[in-house]
Structures are given as C-alpha cells and as structure tokens.
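Have a look at these structures, which come just after this line.
Common to both upcoming complexes is chain A, partnered first by chain B, then by chain C.
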Partner chain A sequence: MSVRSQERDKPGDGAPLPESAIAAVRHVAELRHAFDASFAAPPRHAEQSGELVLAIRAGGQGYAIRLSDIDGVHECRRVVPLPGSPPGLLGITGIRGRLFAVHALGSLLGLPMWTETPRWLLIAGGDEPVALGVASIEACLEVNPADLLPALSTKDGAGHIREIVTLAGQTRGVLVLESLVALAKQRAGERREEAP
Partner chain B sequence: MNELEDYFRDEANEIVEGLTRDLLALEKNPTDTSILARSLRLAHTLKGAARVVRQTRIGEMAHTIEDALAPFRDGEETITSDYVSDLLRILERIREETSKLGAKPAHASPAEGKGGSKPPSAPIDDRLETVRVDIADMDALLEGLSEASIQIGPLNGGLVALQHALRLASLLREELELGQAVGERGRGTRLGATIAEITQSLVHAERDIGAGLGRIERELGEVQSRAATLRLLPVGAILGTLELTARDTADALGKSVNFSARGGDVRLEGHVLSAVRDALLHVIRNAVDHGIEAIEDRIAWGKPEAGRIHLDIERRGRRVAFRCSDDGRGIDVAAVRQAAVRRGFASGNEELDEEATLALVFRAGLTTAAEVTEISGRGVGLDVVREVASRLRGSVQLSSKLGEGTTIEIEVPVSLSSIPVLSVMFGGSTALVPLDAVRGTRRVTAAERLQGPDGERILFGDRAVPFTPLGEVLAPEGEGHALPQACSAVIVQSGEAWIALGVDRLLGTMEVVLRPLPPGAGSPAAVAGAAFDAQGDPMLVLDPPALARTGARQGGTAPATSRAAPKRLPILVIDDSLTTRMLEQSILESAGYEVELSASAEEGLHKAKARRYGLFIVDVEMPGMNGFEFTATTRADPALRDVPVIIVTSLATTKDREKGSAAGASAYIVKGEFDQKHFVRKVAELLGAAS
Partner chain C sequence: MGKSWTVGQQIAAGFLLPLLILITLGTFSYRSTQRLLATTEAVTHAHEELTGLSGFLSALDETETGKRGFVITGREDFLQPYYTGKKGVGTELRQLEELFRDDADQNERVKHLRPLVEERLREIDETIDARKSLGFDAALKLVLEGNGPKVMEQIRRIVAEMKTHEQKLLTERSTEAKQAAAWLSQILIFGTLAAVLIVAGVAVFVTRGLGARIGAAVQHIRSAAAELEAAATQQVRGAKGQVSAATEVSTTVRELVTTSRQISESAQRVTQVASETALAAKGGNQTVEGAQGAIDTVRRQVDQIVTHMLDLGRKSQEIGGILDIVSELSEQTNILAINATIEAVGAGESGRRFGVVAGEIRKLADRVGGSAKEIRRLIEEIRAAANTTVMATEDGAKAVEAGTRRFGEVAQSFRRIVEYVGSTAEASREIELSTKQQTSAMEQVASAIADVAQTARESETGSSQTLNTASQLSGLSGDLVRLIRQRQEEQAA
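Up next is the complex of A and B:
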C-alpha cells in the first residue's frame, strides 16, 4: 500500500471569497486539521485503532472510501486511451511496471460531471485490480467504526453505498469498491453477472 | 548431458512430490478417478523423461507405477491402502536414485586424481551457475527498475531548469555590459566577474548532469529490457530434449528418425514452455512409435529410410503455435473407431465423421496399438497434450492423412513475450507495430492517397492497398488527428489481407516485452497488448490480424480478384502506364467489376476480339495505335461498336475532346481532373446502358 496523498487541493489565493466558498474553506481546514492530527497522535495498538477513511471527490461529489478497501493510491500520470472504449474507461496507465485500466469513478457512479481529469488513481480489485480515477483526495481520517452507519437509502451512488459517515461535519457515502470494480469490468465487456 | 540431468533431477523431484501427494490423496479417496488419471500421467511423464537421460532404473520404476495404476483407471476396482504403500515405497527408491544424480564419482575428473586429497565436487557446484528465482521476486525487481527509470524524469526537469538559469545568467551579463557603457564602471566589473563565475559553474553542472543523465537513462533502459526478458526463455531451450526423445525412442524401437525444428528463437514464459515441452514429448514419442514406420516398411512404401519429424514454432499475435508433423503412416480412422468402440467411447452405431473420430485420439485410455510397448500404447499420451492445452487455455488440433503422416498443432496464448516492433508516431502518441507483419514502409503524399468508393488506397509495389490513418483505427470515434500532407505509411500483412497505416512519422525499430491488457481494459480491436516506454508509460502494441481485417472490410487489396463476380461483362483497361492500369483496376475491382488489362491498343484489340467486354477504358497517347484510333477502329467493327469507350487521358484541350467525340468515345475523362466517384459513376452508367 502506498498512500502518497496527504491533503492536496488548496483553494485559490487572493480574491475575496463568497460565503459558500468560505464555508468550504473552513470545511477543508477542518479536514486538514483532522488529517494532521491523525499523524500527530501517538501510534496505538491495532485493536484500539479506528477505521481509516479517505475523503475523495469524484464527478463533483464528495465520498468516503475505507482505506482497507484499496490496494494503493497513486498520482495519475499518462493515461493512454484505447480504441472503442465504453464511456468512463479512460485508457491504460503504467504504475511501477504494471498496467492498469483506468476508469473514471464519477462515471461508474453515474454522475454527469465525470469527465473531469483525474488527479489520483485508487487501485482496487485484489488479484485483478483496476485503477479508479478521482478528481481529488481531500483527507485521510481515522473514524470510529461505530460512526460508519448503514445507509438508509441506496439511491445515491447508484447502489454502491452501504454506509454513511460524517467527516468534519459533512455526511458522505462510503463507497463499496467491490461492486464498482465489478461494474468497471462489466462495462469493459469482461464480466456480466456481478455488477449490480 | 549434465545440463539435461540437472533438468531431469529437478523435474523428477517435482513429479515424485506430486505423485506422493496424489497417491496419499488417492488412499483417502480411492474412487476419485481424476487423481488416478493425474498420477498415471505423472508416472508416464517421469518414465519418458528418465528414458531421455538414460536413467533406465528410474524409468523402469516409473513404468512399474504406471502399470500398477492402469487397472484402476476405469474405477471398477478400487485401490487399497497396502497397494498405495507399495507404490510409495517405489517412489522413495526413485527419490534415492534422483538424489544420486549429479554426484560425480571421484575418478571422473583427472584433475582430482592428481591432487589426491581434493574432495569430490558436490552436485551443488553445478547448480551454482544458475539460480531459480521466484517470478514474484523477478516482478518486484522489474517494478523497482521501472520506478528508478521514472524517477529520472524529474532529474530531466532539473536539467531543463539549469539550462534556463544558464540562459538567464548570460542575459544578465549582457544587460550589465550595456549598463557598464552608461556608468557605474567599478561595480559593474565586480558583478560581471561574479556572473561570469556563476555562468561557468552552471555550464559545468549542466554538462556533467546532462551527460550523466543520458548515460543512466541508456543503462537503465538496457537493464530494464534485459530484466524483462529474463522471465522469458527461448523455445530453443527445449529443442535439445525433444530431439533426444525422438532419437532415443527411435533407437529403442529400431527405427530411424530425423528431427528438425524452426522458430526456436520465439521467447516464452518458463512455465508455459515447460508445460508445452511435456506435451510435445508425448507428441513426439507417439509420432515415432505409432507414426513413423519400421525401416523395411518405409522402404517398401518408397519413403526415405529415416522418418521425418518437424516442429514449427510460430508466433500468431497473442498466441504461439507448435506444429509437429511426421511423414509416417498417418492415423487409420477405422482403427481409431474400432478402438473407441472397444473402450466404450463410442457405441459403434453412431455416425462418426473423420474429424470426430480423430478427436477421440485425445481421449484418455484410447490406443490403437496392438500391443502395449515400453514407449506408448497405454493410451496415456495424447490426452496429456489435450490436458496441457486446456490448462494453458490453448487449443490442440490434429490432422492426418493415411500413409502420408500426421500433424498435431498446439496453440497456446502467451501472457508475456518479447517481440521486435516498429515504433510509429501519430498525433503525439506512440504505437508499436509487430515487425513480423510489416511488409514495408513508404512516404505518401496527399495526392498519392487515391479516394475510392470504399475508402482510400495507396500503391505499394503492384498492389493497391487499403489506406487508413492510424488515428482512425485507434480513435474511431475521437476527434480525429489529421495526417500531414506528406505522411508515412506502414504496410501490414496478415494472411491474405493487407492494410497501409498512415502515421505522422516512423521512430524506428526496437525489441519490447509485450504485455496483455490489464483486467478492466476489455478487448479493444486492433490492440494486441502494451509495452512500456523508458518513462514507464504504456504504448499500445497493434494486432496485425485485426488491423488487416480492417483493411479487408475496406474491400481487400487489388490483386485479390476473388470478389464475387458481378453478372456484368468485364471491363478492358488499355493504358501503357502500369500505374494508371493498376490504379484503374483497383478502383474498378473495389466497385465490384471484373477487369482485364492491356498495355497497348493493339493488344487490347486482340483481346476485344477474343472475349466479350462490357466497356473499354483507353488512354490516348500510347506507342503504336493511339486511343482515338482504337476507338475509331472498334466503332467500325460491327462486333465491337456497341461496347462503349471511355477515354482517360492527360490531353485536356477542347480540340482533343472533340477528337475523342468524333472517334466515337462515350465519355472523355481528363487525368488531371480525375475524380474516382465520377469515374465509377460514369462506368456504372455506361455498363448499365450497354448490358
């Protein structure tokens, strides 16, 4: 596992910010503080530790992902498009001498704004991994497993959310990567039966 | 032989371990025939391998195990625990025998005799020359190397920054020199000296870093490609064993065999090669035992004394085919049918065609051999071939001609293989075309891309090859990168199909490790896989058969006149220029017409009298009779006057047009204004009117 991201996407400097932007900046500052605090805290024993969760943005929406569900986070470098790809399959990329198919996470979630250029790739899928492209990684936070609550509605995130979590005052859906990876493979024409 | 013994020792140990595991499992599940079948195959493989290295004791013991297991195959009798114990004891003895292999006797080396006190070399010494590395470790090394290469990227960026600083320093000095002219003489001199020093220092840094970086990049690239090919073994590595097997089997049977092979330089992953070797050993043993006839029989049949076994190894895109053919007696389909009935694989009442019957040869337990020999005849062998092929997700095919020989082809997919490619650039991207499919390259100007009803074509030698910009193949729905006025074309052939790919430029040839596309990438047409560039970014490797199919969809190449002949009459094209003839032929054939060619009007007249044509297309300026004369002559001939004539000429004046019309031409097309669509339309019009 290599998690290179800490907090990355800073808001623009200089120009006066509207109310909503100020709230967003405050929100990011809270996330950043929590993120830094997770490093500053003394190491604890495994049985005491909570669940590490990544706060990400894809397709213009904020989501959370359990860190234990992903096999790596890498900066998105060159993605080479493939002919005749379905929408959302951005192409292939090389990470440490291995090839990965890159799927836009926003597209898998059925979000209209998925065409953003991904800055980060989340590797998931076990033995047959794919790379899921996300626009930004906002924070990596430790949460109490009890704070991961079952999602009441699975409408959002096209059925790929089973839990919700509140990070720095904002409620986010926790994505089920397994079904998203299955969907990615199904879209690529590789598997038909697994995707929801 | 030592090297072979080493291989054998490793293999025998693996087989003995496997057999031990299987026998123990069989003891617990005595009715499980799949374990029994696997044990039989392992014993059979061990027997064969032992024979190759002339370890007759081990061979005999393996033979005993095989014999002992055979009666249980049908599942009618079950194996007992005592029986298994006996077999395990034999395995233990095989283990003891294999452990002796490689231990040289003290008198074997004269050097040791002289020294007297030097201890005999341990078997381990030989093995120090090679190491067995886990593939996962190898991959970790490759990943590390790839990462190291990627890290050079930022260094290159640093070098660019240094070069920029250098430029700024010289600008500053120039500025300062200008200022010096105005005043502040003393300060300027001091600053100037400092800047000169900085510049000097930057020049040194830039030179050293630049040269060092270049060297490291080259070296790393070299190490990377070598390390990548470490995972791959040339097929040549197994040819020695196969040849020995053929020879030894023939010796044991009193036959004579010549073994030959082609394609040994194809490189594959070790585990694929080792499985294929096992299958080929069975194929070869079978070929010698059942295929190649006894010497006296061969002489009686008028065949050379020595039988011939040839192995052809061929890369086919993402697969490699091993085709083993012999010139023996072939397979007697009737005998196979009888054997199948005997073994209960067929009832004898159903209709089995030749193909279905030959497929039975791969069934476990089926043999046509009248008697069980030392070599084969137990019906274990060809089922191993089928099993290996299916384990590797490959296929196996058999064809045979009674009296002439048998060919067995095993085709397996390869996940990694190193291939030579032609690297090409289009629209800022690099793509790789496997070199073995490239028939040539040429520069093409826009004028040389001939627009036809089914797409563009270019001339390559005497062929009009379908032309497609590579961008259209790789991004059919994309924004489409326009090719420059003059581009390069890569002419690719696969089977009968040809295609010319338009690219911005050619970058050169190189050897790359072809990797399969990753999970989740689908199976895009025209892409065989990918390879990494020096920066660790993927480059697509094109799939020639799929590319050529793209070309075939466009209408195939001009000389392929097999296109369904229309009911219309053929067209006769008369022109002294080869290029014009080929061009017109390709356009017309693409449109579905049958075309004949003549290089002169006289030859054309001759042909016209011998066959009925629907249309003449004729040039004007030709040596001998010109096109106007040809037209006038045919108009005067009652047998030919109804056949319309199109004059295609570079003569563009009104006077010339009038001459054509006066001679009786139905249409007059000027080469300089040639438009294929108009041409084809005119042809269709006139042919329709004539027929």
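Up next is the complex of A and C:
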C-alpha cells in the first residue's frame, strides 16, 4: 500500500470519516468509559438494591421472571426425551449429578411456538425442582419494586402473569413460576398416572 | 497543235520553226560570209602579191640605179640606193616565196627568179668592184660586155608572167566575191522574209491556242480566286474566333495559375499544420502511454487493495469467531453471576454482600456481552464495508480494465493518428510538389497559349492579307478575262 493511502487511512487526516464509523468510535469510547467507571464506583449496600428480574424469551414471546423465584440457571446441553411424554415435556437432563425433567416454558404458557430448542434451563420448584427450557435469557436487570405493576388482565400467559414490568422500553409480563411448576408437575403426574 | 501540249511545249513548238529557219538562214549566211571573206582575202592576197612583185622590181631597179650612179660618178654616196635595193631585193624575194607558197606555178616562177636575181646582183657587185678598183673604164667594159640586160629582161618577163597570172586570179576572185555578196544578200532578204512570215503565222496560231487555254485557266483562276476569297473570309472569321478563344483560354489559364499557386500555398500550410499535428499526436501518444503505465500501476494497486480487503474479510471472520467465544464466555459469566446472585439470596443475610459482588459481575458480564454484540455489529459492518469495498474495488478494477482497454484503444488511435497524420503530411507534400509542378506546367501552358494567341493574331493578319490578295487576284482574273474576251472578239472581228 502506498504512503499516500496509508496517510489517508489515518483518522482525522485527509477525507472525513463516515457517520457510522464516527458513531462506532464514540460507542467504543462510551463502553470503555463505563467499563472503567464500574471499577471506580463505590460499593452499593444490599438494602439499597431493587428487585432482580430476568428478561427471557420463550415461544417467541418476551417475559420477565423474578430472580428470587428460580433456583438456578443452567445451560441446556443434552436432553434425553422420554417415551410417551406429554407435549411440553422435553425429556430429562442431568445437572451437577441430579436429574431434572425439562419442560418447554412456551408449552406451559400455551404458546404455539414452544417447539423451539431451549438454550437455557431455569431450575425452579423447591424440593422437587423442574427445569423450564427457554430460548434465550436476554438480560438480568434490577428494577424498582414500584415498577412492578399488577397485571390488569390474566388472559395472557394462561393465568401465570400477575404483574408487568417495563424493561428497556418494552413491557413484559412477570411470570408466576409456582403455577407453572405446578402445571408441569401436573402434566408429569398425569403422565405417571396414565402409565401402568 | 494538240490540246494535251502544255503552254511551255506550245511556246517551244511555236519558237522551234522560226528557230530552225534562223539557224538555216544563219548557216547559209555564215557560209556565204565565210566564202565572201575568203574571196576577199584571196583578192587582198593577190593585191599583196602584185605589190610584192612591184616592190621586187623597184628594189632591183634601185640596185641598178645605185650601180649606174656609182659607175658614173665614182662617189660612194651613189651606192646608197644600191645597198637599199640589194637589201630590199632579198627581202622582197623571200616575201614572194612566202606569198606564192600555195601556188605551185607562181612558186616555180619564184624559184626561176632567184638565180637570175643572184646573177644580176653578182654582175652589179662585179661592176661596182671594178669601178672601185679598176676605174670607170673597166666598169664600163663590164657593163657593155655583160649580159645584164638579158638577165634583167628575163626577170622582167617572169615578173610580167607572174603579174599576169595574178591579175587573172584577181579577176576570178573578184567575180567570186561579187557572186558571194549577191548570194548573201539574197539569202538575207528572202530568208528574213520567210522567217517573218513563218513567225507571224506561228505567233497567230500559238496566240490563239494559248489565248483559249489561258482564258480557260484564267476562268479557273477567277473561280479559284473567288473560292480563295471565300475561304480567306472564313479563315479570317476562324482566326478571329481563334484569337478570342485563345484570349479566353489565356485568361482562364492565368486564373488557373493563380488558383494553382493558392493551392500550392494551402498545401504548404497543410503540410506545416500536419507536421505540427504529427508532433502533437506523438506528444499525445507519449502522454497516453504514460497514462497507460499509471493505469497499470493503479490496476496493480487495486488488485492489492482487493487482496487486502479479502484478507480483511477473513480477519474479520476470524474476529467474529473469537467474538463468539467471548460472547459465549460473557454469557456463561452472566449465567454464573445470576446463579451466584440466586445462591447469595438463598444464603440469607450472609450472602447479601456476595450478591452485590455477583451483581457487579453480572453487570460486567452484561456489558461484555453488549460490547461483544456491538463488536459483532461493528465487525459485520466492517465485513459489509469490506465486501462493499471489494465489490467496489472489483468494479473499480473492472473500470480500470475497461479504462486500460480504452487507453489502449486511445493509444492505438493516437498511433493511427500519428500514422494518418504522417501520411497526410506526406500526401500534402506530394500535393505541394505536384501543385508546384502543375503551376510550372500551367505557366508554360499560359506562355504557349499566349504564343498561340499571338500566332492566331498573326494568322488573322495573314488571313486578312490573304483575303486582300484573293480579292486582288479575283479582280486581276476578271481583268484578264475581259482582256482575253476583248482580244478574241477583235480576232473574230
């Protein structure tokens, strides 16, 4: 490459950079500044923290889940299907030496696009936990409890939503995992009862 | 006289007969004159012979006279006649021999005279000697006893015979002379008369014949003169037209010469412009070749740019692969932070601080994930930009290829232009030379046309003179015709 072209590639020299390049450079600078500032910020007290919610996507829809309602999040690696399992019960998987029944969250919510391959498994259910497969975990955000508003209608989410929250400008329903886990166990129990 | 004879033959034939008459008459006259002259000469000769005989006798008498005087006187001065006579006798005797040489009779008589004369002279000498030496008596004795008178008588007799003979001859010759003179006179008179008559007849005959023929010839000449006059008139008109045409042609040729010179000057300017154009085209060709070299350089650089951009695309893809790992790690970290937070919540009050740390880790993981997404977006944009750049560069390379071909065509066109301009310059030079040669030829043609015009004017002048001459000839032939007709009418009358 000639010296002239090399000089032309230098920023701020020669022809002006395009708008996209300027925005990218500015964004990189903001990220660097935020990253550096995170280490300089003073530690926050636990009492001052809000409610942590997970923004997830299942069955093609976005939802929110209180972090306190789940027992863990794990990557869905291998799910062994069960013969004769009801719809929504994807199979079983092993996490840290324990077996979990994997249910498609979209199927439990009654969404038509629940057959997607789950990327993550949400562990919930207390002593008899189950794994709920979701397509993706979009974010883990801390929200002010005042931002959790009661849901006016329970039609959406087949009665498993009692609150709504606005995350990044998008309103999402906050799922009630107890009913969903109960529904999953109910479907598994129906299957067990149907077995001879 | 035949009609097929020419005028010369007729004139020659007309003069031939008088000429023959004149020759005959001249011949007879000549012969008669010769005869008359011969007779006259013979008469003269006879007179000379008679004179010689008389002189002979006179000289002989002088010797006798001198002897007698000396004998009588004894004086020497009386001998002078003797000496003179003795000398004259010898001379006269030799002349007589010479004069009578052609006459045998007279010659014989002269021969008889000589001894008698010698004897007579010897007797005289003896008498004189005797007078001198012996005196008068002795001399007288000799005179008396001598036969001097006899000898003298014989001499006188012979001389008389000779004179008689000569007189006779003289008479005969005179008669012949008279006859010859009369004959000559008759010949001259009658011959001249005959010649005059014959010449007059021949002249009349020839005049009539020639008059008829000359009249016909003059008629022909008159008609020919009229035709010549008409032809000369036509020739004058033609010469005038020729002069006018030659003048117009000369003017046109001068204009052509001027035009040819202008063409030559234009061709010279074209040659100069073509030479300058050839230089400019060569410069343009060099410039195009230089530009073509620069375009080749640009093409190589474009190829390098394409290669670099493809490398950039591959590197971006590799960065994307690494970024997938980073994203996956950040996601795992985020999940771990979430789980840590859950565990911290489950740990109660003691896990609250741990939860804070886990939250910070989660936030950091979120930021890393967001940054990774942003980087992926940027990389995608870079890849898209690289692809766009590659495509644009390939389009540029194609454009450069097309430009190279165009420049090649332009260079080829410039080379053709150089060749064409060179050919044009060469052709214009040839045109210039040809035009100069043409100008020279046209100038020569102009000069020749001027000569032709001059010749035409001279021809016009000559034709006018010919016309005048033909008119005069026609007039003269008319006069000749009138003269001949008048003559014939007079002869007929």
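Criterion: the second predicted complex is superposed on the first by the 146 of 196 C-alpha atoms of A that agree within 3 Å, B and C clash if a C-alpha of one lies under 4 Å from a C-alpha of the other, contacts with A are read in each partner's own complex, and residues count from 1 in each chain.
The rule is simple: a contact is a pair of C-beta atoms (placed from the backbone, for glycine too) under 8 Å apart; a residue touches a chain by one contact, two chains touch by 3 or more.
Predicted model, so just to flag it, every value in this text is computed and none were measured.
> Given the touch rule stated above, what does A:Pro129 touch, chain B (first), chain C (second), both, or neither?
In the superposition, A:Pro129 contacts chain B only.
> Return first, second, both or neither, reflecting whether A:Ala184 touches chain B, chain C, both chains, or no partner chain.
The answer is first: A:Ala184 touches chain B but not chain C.
> With the two structures laid over each other on chain A, which partner does A:Ile137 touch: chain B (first), chain C (second), both, or neither?
second
> In the superposed arrangement, which partner chain does A:Gly59 touch: chain B (first), chain C (second), both, or neither?
In the superposition, A:Gly59 touches no partner, neither chain B nor chain C.
> For A:Gly106, decide between first (touching chain B), second (touching chain C), both and neither.
After superposing on A, A:Gly106 lies clear of both chain B and chain C.
> Considering only touches as defined above, state whether A:Glu75 meets chain B (first), chain C (second), both or neither.
second
> Quick one: classify A:Gly173 as touching chain B (first), chain C (second), both or neither.
neither
> State whether A:Leu67 touches chain B only (first), chain C only (second), both chains, or neither.
The answer is second: A:Leu67 touches chain C but not chain B.
> Where on chain A do chain B and chain C both make contact?
Common interface on chain A, chain B vs chain C: nothing in common.
> Which of the residues in chain B come into contact with chain A in the complex?
Contact set of chain B toward chain A: 139, 142-143, 145-147, 429, 473-478, 515, 517-527, 530, 532, 535-540.
> Inside the complex, what are the residues of chain A that reach chain B?
77-78, 80-86, 89, 92-94, 96-101, 103, 125, 128-130, 181, 184-185, 188-190
> Quick check on the complex: what are the chain A residues that touch chain C?
Within the complex, chain A contacts chain C at residues 1-2, 5, 20, 24, 27-28, 31, 34-35, 38, 43-46, 49, 52, 54, 67-68, 70-75, 120, 137, 139-140, 142.
> Provide the residue numbers of chain C that touch chain A in the complex, in ascending order.
Residue positions touching the partner: 301, 304-305, 308, 332, 334-335, 337-339, 341-343, 345-346, 352-353, 355-356, 359-360, 362-364, 366-367, 370-371, 374, 378, 381.
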